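There are two complexes below, and they share subunit A, which is joined by subunit B in the first and by subunit C in the second.
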Partner chain A sequence: MGVTGNPTSINQGTRTKGGIGESTLRPDGILKVTGEFAYSSDMWHEDMLWGHTLRSTVAHAEIVSIDTSEALATSGVYAVLTYDDLPSTVKNYGLEIQDTPVLAHGKVRHHGEPVALVAADHPETARRAAAKIRIDYRELPVITDEASATAPDAILVHEGRDDHHAEHVPHPNIVHRQPIVRGDADAAAARADVVVSGEYVFGMQDQAFLGPESGLAVPAEDGGVDLYVATQWLHSDLRQIAPVLGLPEDKVRMTLSGVGGAFGGREDLSMQIHACLLALRTGKPVKIVYNRFESFFGHVHRHPAKLWYEHGATRDGKLTHMKCRIVLDGGAYASASPAVVGNASSLSVGPYVIDDVDIEAIALYTNNPPCGAMRGFGAVQACFAYEAQMDKLAAELGMDPVEFRQLNAMEQGTLLPTGQVVDSPAPVAELLRRVKAMPLPPERQWEVAGEQADVRALPGGLSNTTHGEGVVRGIGYAVGLKNVGFSEGFDDYSTARVRMEVVAGEPVATVHTAMAEVGQGGVTVHAQIARTELGVSQVTIHPADTQVGSAGSTSASRQTYVTGGAVKHSCEAVREKVLEIGRRKFGTYHPAWATAELLLEGGKVVTDGGEVLADLVDVLEDEAVDIELEWRHRPTEAFDLRTGQGNGHVQYSFAAHRAVVEVDTELGLVKVVELACAQDVGKALNPLSVVGQIQGGTTQGLGVAVMEEIIVDPKTAKVRNPSFTDYLIPTILDTPTVPVDVLELADDHAPYGLRGVGEAPTLSSTPAVLAAIRNATGLELNRTPVRPEHLTGT
Partner chain B sequence: MRVNFTVNGRRHEADDVWEGESLLYVLRERMGLPGSKNACEQGECGSCTVRLDGVPVCSCLVAAGQVEGREVVTVEGLADFATHRAEQHPGSGCASGACGTALDKARRWEAGPSGEESRETGELSPIQQAFIDAGAVQCGFCTPGLLVAADELLERNPEPSDADIREALSGNLCRCTGYEKILDAVRLAAARAEETV
Partner chain C sequence: MDFLRPASWEEALAAKAEHPTAVPIAGGTDVMVEINFDHRRPEYLLDLNRIGELTEWEVGQENVRLGASVPYSHIMEHLRAELPGLALASHTVASPQIRNRGGVGGNLGTASPAGDAHPALLAAGAEVEAESVRGTRMIPIDAFYTGVKRNALEPDELIRAVHIRKADGPQQYSKVGTRNAMVIAVCAFGLALHPETRTVRTGIGSAAPTPVRAKEAEEFLNAALEEGGFWDSRTIITPSIAKQFAALAAGACNPIDDVRGTASYRRHAVGIMARRTLGWTWESYRGNGRSTEGAA
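After this line comes the complex of A and B, so read on.
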């Protein structure tokens, strides 16, 4: 099915083995299976200390006093730092808006905000010393939702805002607002034969990457610091870290250590500045490793959202209009909230043709945990709501939900609500057709002839709660629309340095980028690109660090496109240089050097007709070609602040899901039996990795459909379930088979025609599961995740 | 306190161990064996799974003092452990070396041409090789625990059904893969063992 499990698939564009299109294996695979791969929490240094962060126990309070004397007097403690110890005039950081204090100053704005740091010779000593720091809080009322944030007498989460969104927002407790208006939604509504509306609630999801926030800061003799961390974007970290340390950027040297997953949760800083501060203060290497409890407080989460939607359609099933209002809870600090608003608003229509729309999206400042980037980023919340609307409309019209979607599906040439034309393939109807055409899993698979039911295949699983009584099957479909890359006019470039030389008698390419490999397999793909472009079999991937230009973030499904594009671009420049050397040395021996199209293949210079002109070893001899270049995709524009018009996005990504569920209607337990996916990837540079991304993204969507939610107490704004005991992510028992059908329709604007892969499957997975549960139970279910009480009404 | 125990067939001794330290902490921070991972330290994720006298345990939930005089196998020793098991019980599993890969290659951090890794001879256990070949490794943080758990499953059940695999690995969380390729890897290792018998 598709390209699944076909390691020797198509080999286009190269006769060099291991190039693009092949399922080459990960270069870090062996280290990862032997336990030798060095993750950020595995770093060790002689004489190193352990850092620990003391975090606020309340969500919103003035800090009356802090007494660190007892902690400082503890044996084994080397330093205790508070706001007053910060070395620079710059005290805040942030991805876009610098509103996040390195350590709390006078006030805490959310539960778990960092207040003080301790360095000690043992992690337990540091923890116990931190517990001896006395903080006197004067608690303030908490702001937890739109009503409390925008009430006339609401306390401002941030006083005196001067960021560039402050001027255009209707209230200082709104981070950013983006309306999008196109056509005339009210006039179009008059043409509708059927109108449906609904209010939808999306819970707060956690990235739950397994490798906790961690790293090692080593003070250097030049007064600077060397930092080894797990992050998604080294240069963005550097830009935020250096000013707070009072150091120039070249004195903060960052190296990427092993990253145990990210999913957006490592876009913001966590322990980076804290470890550097402690290292510079003590003059010793300092390691910080969060445990899972702290990790839940140490990174931003996916924005929970309230979404109100209205759609209309004519009796023959054509959409007339859409109105929506999306309220995202950004929590106490801005993080990526403005960009999440941009995505939620501009993608709120989904992959459908609707000419008349009236859209508004806002993100709030509240005292809830800060929310920011997570896989799907604003588009996930909208997809959950508009897909529920599509099913409602189909039901009202008495139409098949897939046919109704296909009738209104976007295609190449469709105009988005932002006025941007979708100018590459948009096979929405085809993806739905493919996912629907997959064979359905057999009914009642738990039945074993002559024996008791295999409870492992039933809702409730090994809890043995049913042997099939009260179990009902349902099927649901969904499709989504995600942008690829950083949008809204951001200069979304990447940099690659490529070197080619002869080592031990063989031509070898070295690829050096600052791309954060977080598990997605970028390092595999970079080597494949170098082989394809340079015709070598040996490729070395240099560790990612800040000694090379920025690669941008491992976010927004962008790295294969943008850093992959940069590697390709630099390889092309290296190839030109190599051919130049070849012409200089051998040009007089063969006219083809001057006249033919020349390629590098299998370690040789060949003509496009396949004639070998020279061996790369002879061309290069002792010479090394070494080129570092930036590469950019085509530019985007900001959205107009009043109308939302603008060519804001680079590329789109589409996936469709079919979910099959079985629901124990008596206990409200759901078993997802199968979650089939069809996705267009433009070009699968590494089919095995592509399928892995789709299955992983699908499973995260399943998680937020039936189990994953950070529960925040609405009275106190405190997090109630910061552990893997109480915040559940899917286990292998919860996760069904995920058959994948990969479509490859090239986007001519992108390198090799590829399309970003990672996020799209996270969009449609959740609404497909919800649709299947609705199909099984007949319930409306306007919130996710669905919990047993929502199904049983108890 | 001082703690003595055997790790991957070698006697180890750790001094100045605080009584509250876990086996995981002692392995990672005192014995230079960071392969067992610290994803939750709450006994929920399985990434710190090791064999303690043959039984898979979450090493974060075992106090170091409890391990005095006992035998531990971690992911770092999995290849040797599999080889030793194969010598004791010839014919079970693929420990003849015919399906492993040289560790030297790993240290060089280079991507070989497609498929080369799986054809070289060397020192990976069958389950380790199967995880690489099946694409079951992404970020890799859950991998060590899953390998120890999957190896133990195949030791006691060489031909597991999908439901058996799911049940045996249900204590090991993975956030990247969606588990499908982990299932593939265990099936692959079981099938290869079957072929060599």
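After this line comes the complex of A and C, so read on.
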């Protein structure tokens, strides 16, 4: 099972049309670009009600009273719920720590926290009724940073913590702390000829998925509920929803509806429990759809971070040591903060060999918006800082920044600060070489013969701010280190049910998993795997639901690896069963049934020599083979709480970027001209999807380099820009060409040798852009995103 | 909320007279955002989309009479020669879809300091044709903006058209946003050369409570150009003059710090845009089509 580099599999891939390694088109692609795809917000049910969430207008306050009488008396309103209406003794939920109230109880801890729910026959009626709910708040001082969180008299964001991190954290307003110590950083520092240090700030990025949170809960006759929702992990939702509803898990049946992007922002629950509560209370289907404004409050964001780093190197360019301290702002609820801390600390060294390190990462509880999973998950913030450090060191040493990185690059066999050995290809130096070798885009592309400048090629774009004045080109490089899959001893399995049968005279495979297709292309890849393993051309992808075992989360660049691995595993079991049937029926007709290695290919059973033994149609006849199996990658270990030692990660992934920017140095505006990327993907199951993932991740990294930031008022902890008017994401005019060079160095531990793709490019893109802007301006720029004020000193 | 749908301009005026709190809506690119954000819940919406004449324009001897609802995309396509500054400004408005809906009347009605059209109107010189059942009056653009999101319209008045002076010289428009397209202005600057009167007019957006002209800068530049004989000689403007003009333009700002930018950046950026747009327009005036050369 799960054997990689299996030559028979590879051969099948080349012979069976639409198998792995081909750029088959995604089944949902055309529907999405033509606007025909049904997203979760498009769902409709006869007689349904609309739910609305009333959220706190202040960040930190005691709730003195809630008066819902006027809302309840509104015509068209079917239910108004507050904390007091919750049906179960379980009233909190959470991914790891159950610290998040379904509805606020006595206190609100961040701006936009859900306090009450309304169901009405029209969304506008629900909204208006919610506005009639009177909440009397007694405001409390806000905790917004490390100083206010750990001050001697600091209010505890959560009193009486009893979670499993509570014992080892230095302060109750610290969610989790992970130190990693290896070697002797102080002693090694004494050997350094050059030491550089810096303090870096990473702003709060939003996932900004285009399909806001939405779903439909339908009450069932058995007292349970059917929930159709856009999420990232059905079974994780289920585990959190059922106890709060006071229902056994088998009475909460979940089906994935059309997901309009996720990027980590759907790992936590949003409207799931709320819609179920309203549906069960009213006995009617209830739909909830957030608008963009509410969506900014309806999901967690990327942790903003403050990072302090010190690196040393010898005169000949070898890194001596690294010390760092990473402070992540987790906001009011834990969400994925503990795991983000684990990632930030264990990946803080970057893709470099450094024997002596002293690392500490913490996540705070504050009254800022809750932060959790987002593409890159803790590794993004660290990469921004250590890559700035690499450039500083190279400059101090008078070395080329790429050569300096290559000199210290991690490779297969490198021992990480956690004590884990990198046991699969780690072509860091090669990725840098490739990205540097790509041809540079031509200079002054805005110059058009005999005409005015083409402003689209200039900073400011259509806003017509420069025709070349003040514009300076800069080039920067960065490379990153990301883990793939869930880490730290988590049982990160997936499940796939595969069925093979003859339909209308043709062998057909059906793949049923609970994998959330959030746009990553998993459904495309599952069909490719089934074609490769089962030699059929017709593959049906069953809708994802909880009638099959968990697929784990569509996160951590893991789904092709883990659920892809599960599909492969179940396909192999189905194939064995089919061959068994074949041997039983036809074994006596040909000796090869017993002696040769047999494959399923082109709808037939063939020998590895290519001889056809039987049609699958004849083998199966009326019989269906139907197998559901779980599949696991190699287990990982927890990090030691004092030393950070442990084989914490399954697999590592690497991408390198070269950014070319034009900066209007007078106005502080930036045009990213090109972001070239080289990435090792082990094996590209679908090369087109791989390039799409790399280009998307690259663009998301660009966004937080030059524009994307949720701005929270430090005095009130309130969000100041919850809209796409003021939270800017890159348009196509901001998106550069992204030439991609894909390496395929197999990881022998992974299915087909593949390596998770989706996150690594998000890491290195941001620091590459920053490095290029520094190169153009000569400024230090220790925070991201860079704003015009930072580039103009105003 | 009641939705009033007059079939003619006269009906619209009557409806506005009857319901002075009614909010006119044409493209909806401002009004619908406000409603969606729940920033306002007008008692009445007055839909002007059935009144075809509002999307028409006439090019006269002196002026272009631009119907209040002429979409930005039409200005870009059809009025680039007559209204070059406004055409450039139109190009910076949001996305193609919104440029197909939104028009100058809406910008004026909202009177946000960030409205993209205002600096171009101020620089070109314009009058707003306001009408009510009581009659028609022409409001000079300089007197139109009375406060943050406030204008000189009476409660019963509607904007029928804007009369914009046809360009008699080069015009330019620049806008700073933190994205290269589809962005609301951090600040903006419009500049028009008027060789017929040997004057320069300007407009500043998003850097004061209302759109404003940089009057002191204009006066300084007008005097400097006259004294130096630049209008006749068409020589390159002395850098010190351009620099002083830019400083005075920056000084005309009265900006605030907000999520889009700091006050000091806005002042700084207006100065840079003033210098650059002067350079570009002056190069055009000198007969040099390549505005990348010799600017600033």
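Everything that follows uses one rule, which is that the second predicted complex is superposed on the first by the 774 of 794 C-alpha atoms of A that agree within 3 Å, B and C clash if a C-alpha of one lies under 4 Å from a C-alpha of the other, contacts with A are read in each partner's own complex, and residues count from 1 in each chain.
Note that contacts are C-beta pairs under 8 Å (C-beta built on N, C-alpha and C of every residue); 3 or more make two chains touch, one makes a residue touch a chain.
Predicted, not measured: the structure shown is a model, and the values here were computed from it.
In the superposed model, B is the one of subunit B and subunit C that contacts more residues of subunit A.
In the superposed pair of complexes, A:450 makes contact with subunit C only, with no contact to subunit B.
In the superposed model, A:459 makes contact with subunit C only, not with subunit B.
Residue contacts after overlaying the shared chain place A:469 against subunit C, while subunit B stays out of touching range. By the document's definition of touching, neither partner reaches A:384: not subunit B, not subunit C. Touch criterion met: A:707 reaches subunit C, while subunit B stays clear of it. In the superposition on chain A, A:291 makes contact with both subunit B and subunit C. When the shared chain is aligned, subunit C comes close enough to touch A:668, but subunit B does not. Of the two partner chains, subunit C is the only one touched by A:721; subunit B is not. Shared-chain residue A:794: touches subunit C; no touch with subunit B. With the contact threshold set out at the top, residues 291, 293, 456, 462, 723, 725, 730-733 of subunit A are in contact with subunit B in one structure and with subunit C in the other. Residue ranges on subunit A touching subunit B, taken from their complex, read 5, 7-8, 17-18, 22-39, 41-42, 44, 122, 124, 207-212, 258-263, 289, 291-293, 454, 456-457, 462, 518-521, 523-524, 527-528, 531, 537-541, 543, 688-689, 691-692, 695-700, 723-725, 729-733, 735, 737-738. Those residues of subunit B that touch subunit A in the shared complex are 18, 20-21, 28-29, 32-42, 44-45, 47, 74-76, 78-79, 101, 103, 105-118, 124, 128-129, 131-133, 135, 137-144, 147, 163, 165-167, 169-184.
Subunit A meets subunit C in the complex at residues 127, 291, 293, 447, 450-453, 456, 459-470, 666-669, 671, 706-707, 711, 720-721, 723, 725-726, 728, 730-734, 787-789, 792, 794.
Only residues 33, 36-38, 88, 91-92, 172-184, 186, 259-262, 264-265, 267-269, 272-273, 276, 279-280, 289-292, 295-296 of subunit C touch subunit A when the two sit together in their complex.
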